[in-house]
Amino acid sequence: MNQQNANPYTLGEIEQGTPCCVPQPLLQVRDLAVSYGEKTVLSQVSLDIYKGCITALIGPSGCGKTSFLTTLNRLTDQQAHAQVSGQILFDGQDLLRDPIDTLRLRRRIGMIFQRPNPFPLSIWRNLELPLKEHGVQDRRVRAQKIEQALRDVGLWNEISDRLDSSALALSGGQQQRLCIARALVLEPEILLMDEPCSALDPISSGVVEELILRLRGRYTVIIVTHNLAQARRVANYAGFFWMTERVGKLIEFGQCRHLFESPGHELTAAYISGARG
Amino acid sequence: MSIAMKRSNNRVDRRLGQIFSLLSAGAALLLMLIVLFLLNESWPFLASFWHEGHWLDLFQSQGWYPLEGRFGMTPMILASIAVTLGAMLLALPLGLANAIYLEFYASPVTARGFRLLLNLLAGVPSVVFGLWGLTRLVPLITQWQPPGASLLAAILVLTLMILPTIALTSASALASVPKDLLAGSMALGMRRKTQILHIMLPAARSGIASGALLATARALGETMAVLMVAGNVVQLPSGLFEPVRVLTANIALEMAYAMGDHRASLFASGLLLTLLVWLLSWVAHRVNSQSQRLAHHG
Amino acid sequence: MADRLFAWLMLGCAVLVVASLLWVLSDVLIEGFAHFSWSFLITEPVDAGRSGGIGPILISTLWILLIALAAALPLGLGVAIWLSEFAPRNSRFAVHTGITLDILAGVPSIVYGLFGNAFFSIYLGMGFSLLSGGLTLACMILPIFVRTCESGLRAVSDDWRKGALALGMTRSSAIWHILLPAARPAIVAGMVLGIGRATAETAALLFTSGYVDRMPESLLDSGRALAVHIYDLSMNVTGGDGAAYASALVLVVLIISLNTLAQSLVDNWFKRRLVVS
C-alpha cells in the first residue's frame, strides 16, 4: 500500500479552467490513523491538500472518509474514545499535537454536513450567531458580511425579503446553501463537505454543485462524495479510500483526471468502472 | 456521529461544565440525604426491634397502640394493599376501555374533548377529590351501609384519581403501535374486536403495564384523598364497608403529636412505603426493558 | 354481533367515566361558586375559616410555590443540562443519578413531608415555615423536572450540536442559543408538571409549613397552604364545607392559570431568540 502512496504528490499540468490551483500544500496529512476504542477505522493516510483547489474523496461507505474530515477540524475530539495519531500540518502547526484553540481552528476550517442543519432560528440569526460568537461586534459589519455570504451562495435574491422567517421553512436545497453561507460568513480558509448533495433532490443537488464549483479558487474545498460523476466534474484532486482488512485506507491520491482516466491501482480502476463497491 | 463531552479547551465551557457537574452532585447528594434522614430518624425504632428480636412483631397483629409501645403495622399495611388493589381492579379495565374508545372508536372531536377532560382531571389536586368524596360519596354510602367512610369510599375516590393517568398512558401506548399491524390484521379480515383485543392490546402491553405500575405506586402513596374518606380506624380490612386506616394516612394523622419511638415508627413506615414504591418502579422498569429486548429480537 | 356489543361496551365505559368526572367537576364548580365572592379572595379567615376569606392563605400558597420553583427550576435545569450535554458517556455517576431521580420521582409525597420535617424544620432549624415547606416541595418536584428537561434536551437533533461545534461555537452558547430554545416544549411541560404538583400538594406541607392561617410576616413564619386549608376545613371544621368548596375552586383555577402563565412566559422568553414557524 505504501508503495502507491509513497509519492502521490507529483503534480501534473494544471487543468484548464482552474487557474486557482497553485501547487502549494495548505494542509499536509502524514500517516494519519483514527480509531474508536479498539476499532481502527482509518490508517496510513498521507496526502496534501492544495490551496484553492477542490479535493474529492471517493470510496464506498464506511471506509473512514467522514472520520478523516472530522479529524481536520478536530470534531473527533467530541467523540468518546476517539484516538487520532499521525500528523496534520496546517499553517506550520501540527493540529494533533500543538496546543490548538479548536474554536479558532473551526472558524478557519468550516464544515458542511450531509443533512442540512440550519439552526431553528431565523435565517438572519443563523448567520449572525456565528459572527457574534467570533467577536464581530459591529452591527453594520455583520450585516455586510451576511449579505455577502448570502450573495455568494446565490440565496440573496431568493430570500432577502424574508430574512426574519424561520430557516427551517426553506427547501432542502436552500437549507444546504444557507449552511454553506453560514460557514462562508466566517471567511474560512478550508471548507470540509461531507456528501453535501446526497440528501437533496437532483435539481437542488445541481445548484449546490454549481455553487461548489464557483467556490474553487477562493476557498480550499475537501468534499466527500459518493457521486463519481460529481467528483469528476468538480474536483482538481481526488483520493480513493477502500477498506482492507476492515480498516479504511487511502489507496490512491492524485489529480482527478489521472485518477479517473488512468487509475494507478486495480481497486481504483474497478471502483470507478462500477465493478465493485 | 454521536456527540458527548470529552474535553474542551474553552474556558467558559469548562467552567460551565464544572458548575453543572457540581449541581448534579448536589442533586444526587440531596437524594441520598433523603434516604439518610429517613433511616436516621427511624433508626432507634428499627434498632430496638432488631436487638430485642421483635423484628417480626412489626408485621404481626399485636395492634397499633403507639402510646403503649405496641407498633403492629399489619392492619395498616393490609389496608394500604387492599385500597390499592381495589382501585387498580376498577381503574385498570375502565382505563383500558377508555383508551380503546379514544384510539379506535371516538370521532376526532369527541376524542379531543375526552382527552381534555382526562388531562384536566389528572391535574386536580388529591385534596379536592378527597373533599368531594367526603361530602358527596360518603353520605351516599352511609345511606346504603353506614358508617360510610370506608374501604369502598377510599377505593372509589382513588379509582377516579388514577383513572385519567391509566387511560392517557394506555392510549399513548396504543397509539405508538405501528399502524401497519392494524392494516395487516384488517387485510386478514379480522373483526375489529379481535384486532383490538388480540393484536393491538398485546402489542401495547409493555406501555400499558408500566403506566399501570406507576399508577399503582401513586395509589399506594396517596395520602389526602384516602385519609379523608377511609374512616381511619386501625383494623384489619374485613369488608368493603368497614373503615380502615392506610399507612400514609397514619403518618399524616399522628406526626403532629408523635414523640420518641412513636415518631421513629412513623418514619419507619415512611421507609416501608418508599421501599414498596421502589419495588414497583423497579418492576415497571424491568417490564419496559424486557419488552424492548423482545421487540429487538422478535 | 359481538363486535357491536364490544363497541357499545367501550362507549358505555367512556360515558360512565366522563359522567363521574363531570360530576366531580360540576360539584366543585357549583358548590364553589355558591360560597365564592371576590372579597373571599382577600379577607382573613374568620371562625376557623367557616366565614371570611382566604387572603393570607393565598399569599402563603404563592410564597411556598415561589420558593419551591426558585430552588428547583435553576437547579433542575442545571442538572438536566449536565446529564444530557456534559456527562461523559457511560459515566457511572450520571447513570446512578438518573436512576436515583427516577426512584425519587415515585416516592410518596408524605415521605417528602417526613424528610422535610426532619431536615429543614428540625435539623436546619427552620421550624414550621414557608421556607421549609417551599424547600420540601422543591425536593419533591426536582426529579420529575430534571427528567422531563433532560429527555427534551436529548431529543434535540444532534445535527445542531455538530453544526454549532463545526462553526467554532462554544458548547455553552450552543446550549444557550440553540439547544435550550429547541427543548422549550419539554421545559414548559416540566414546569407545568412541577407547578401542578407543588400547588396541589398537601401531605408534604402538613409538618413543614404548618397550619397557621395568619398572614405570614416573613419566610420563616408558618403559613397555611390552600390545599392544607381545604383539608382542615373539611376534616376538622364542621360547617366548613362551603368554604372548602370555594377554596377548592380557587385552587383548581389557580393551577390552571399558573400553567397558562408558565406556558406564555416561557414562550415569550424564548421567542426572542427562536423563530420557528
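Per-chain numbering from 1; labels A, B and C assigned in written order.
Following the convention adopted for this analysis, contacts are C-beta pairs under 8 Å (C-beta built on N, C-alpha and C of every residue); 3 or more make two chains touch, one makes a residue touch a chain.
On a predicted model such as this, the values are computed, not experimentally measured, just so you know.
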For this session: State which chains count as neighbours of chain A and simultaneously of chain B.
Result: C
Problem set entry | Pair of chains joined by the greatest number of C-beta pairs in contact | B-C
For this session: Compare the CA centroid of chain C with every other chain's and tell me the farthest one.
Result: A
Exercise. Which chain's mean C-alpha position is nearest the mean C-alpha position of the whole protein set?
Worked result: C
Exercise. What whole-number Å value describes the gap between the mean CA coordinates of chain A and chain B?
Worked result: 54
Problem set entry | Whole-Å gap between the CA centroids of chain B and chain C | 18
Seminar exercise, completed: Averaging C-alpha coordinates per chain, one finds the centres of chain A and chain C separated by a number of Å equal to 49
Seminar exercise, completed: By the touch definition above, chain C meets two or more other chains at residues 88-89, 162, 165, 170
Exercise. In chain B, which residues are in touch with two or more of the other chains?
Worked result: 1-6, 8, 10
Exercise. Mind pulling the chain A residues that touch 2 or more other chains?
Worked result: 75, 78, 80, 102-103
For this session: Spell out the residues on chain C that touch chain A in their complex, using ranges where they run on.
Result: 88-90, 157, 159-160, 162-170, 173, 177-178, 181-182, 273-277
Seminar exercise, completed: In the complex, the residues of chain A that touch chain C are 73, 75, 78, 80, 102-107, 110-111, 113, 115, 117-122, 125, 129-130, 133-134, 164-166, 168-169, 179, 182-183, 186
Exercise. Taking the complex as given, what residues does chain B use to touch chain C?
Worked result: 1-6, 8, 10, 12-13, 16-17, 19-21, 23-28, 30-34, 37-38, 40-41, 93-94, 97-98, 100-102, 104-106, 114, 117-118, 120-121, 123-132, 134-136, 160, 163-164, 167, 191-193, 196, 214, 217-218, 220-224, 227-228, 248, 251-252, 255-256, 266-267, 270, 273-274, 277-278, 280-281, 285
Seminar exercise, completed: The chain C residues in contact with chain B across the complex are 2-3, 6-7, 9-11, 13-14, 16-18, 20-25, 27-28, 31, 75-76, 78-79, 81-83, 85-89, 93-94, 96-97, 100-104, 106-115, 117-119, 123, 139, 142-143, 146, 158, 161-162, 165, 170-172, 196, 199-203, 206-207, 227, 230-231, 234-235, 241, 244-245, 248, 251-252, 255-256, 259
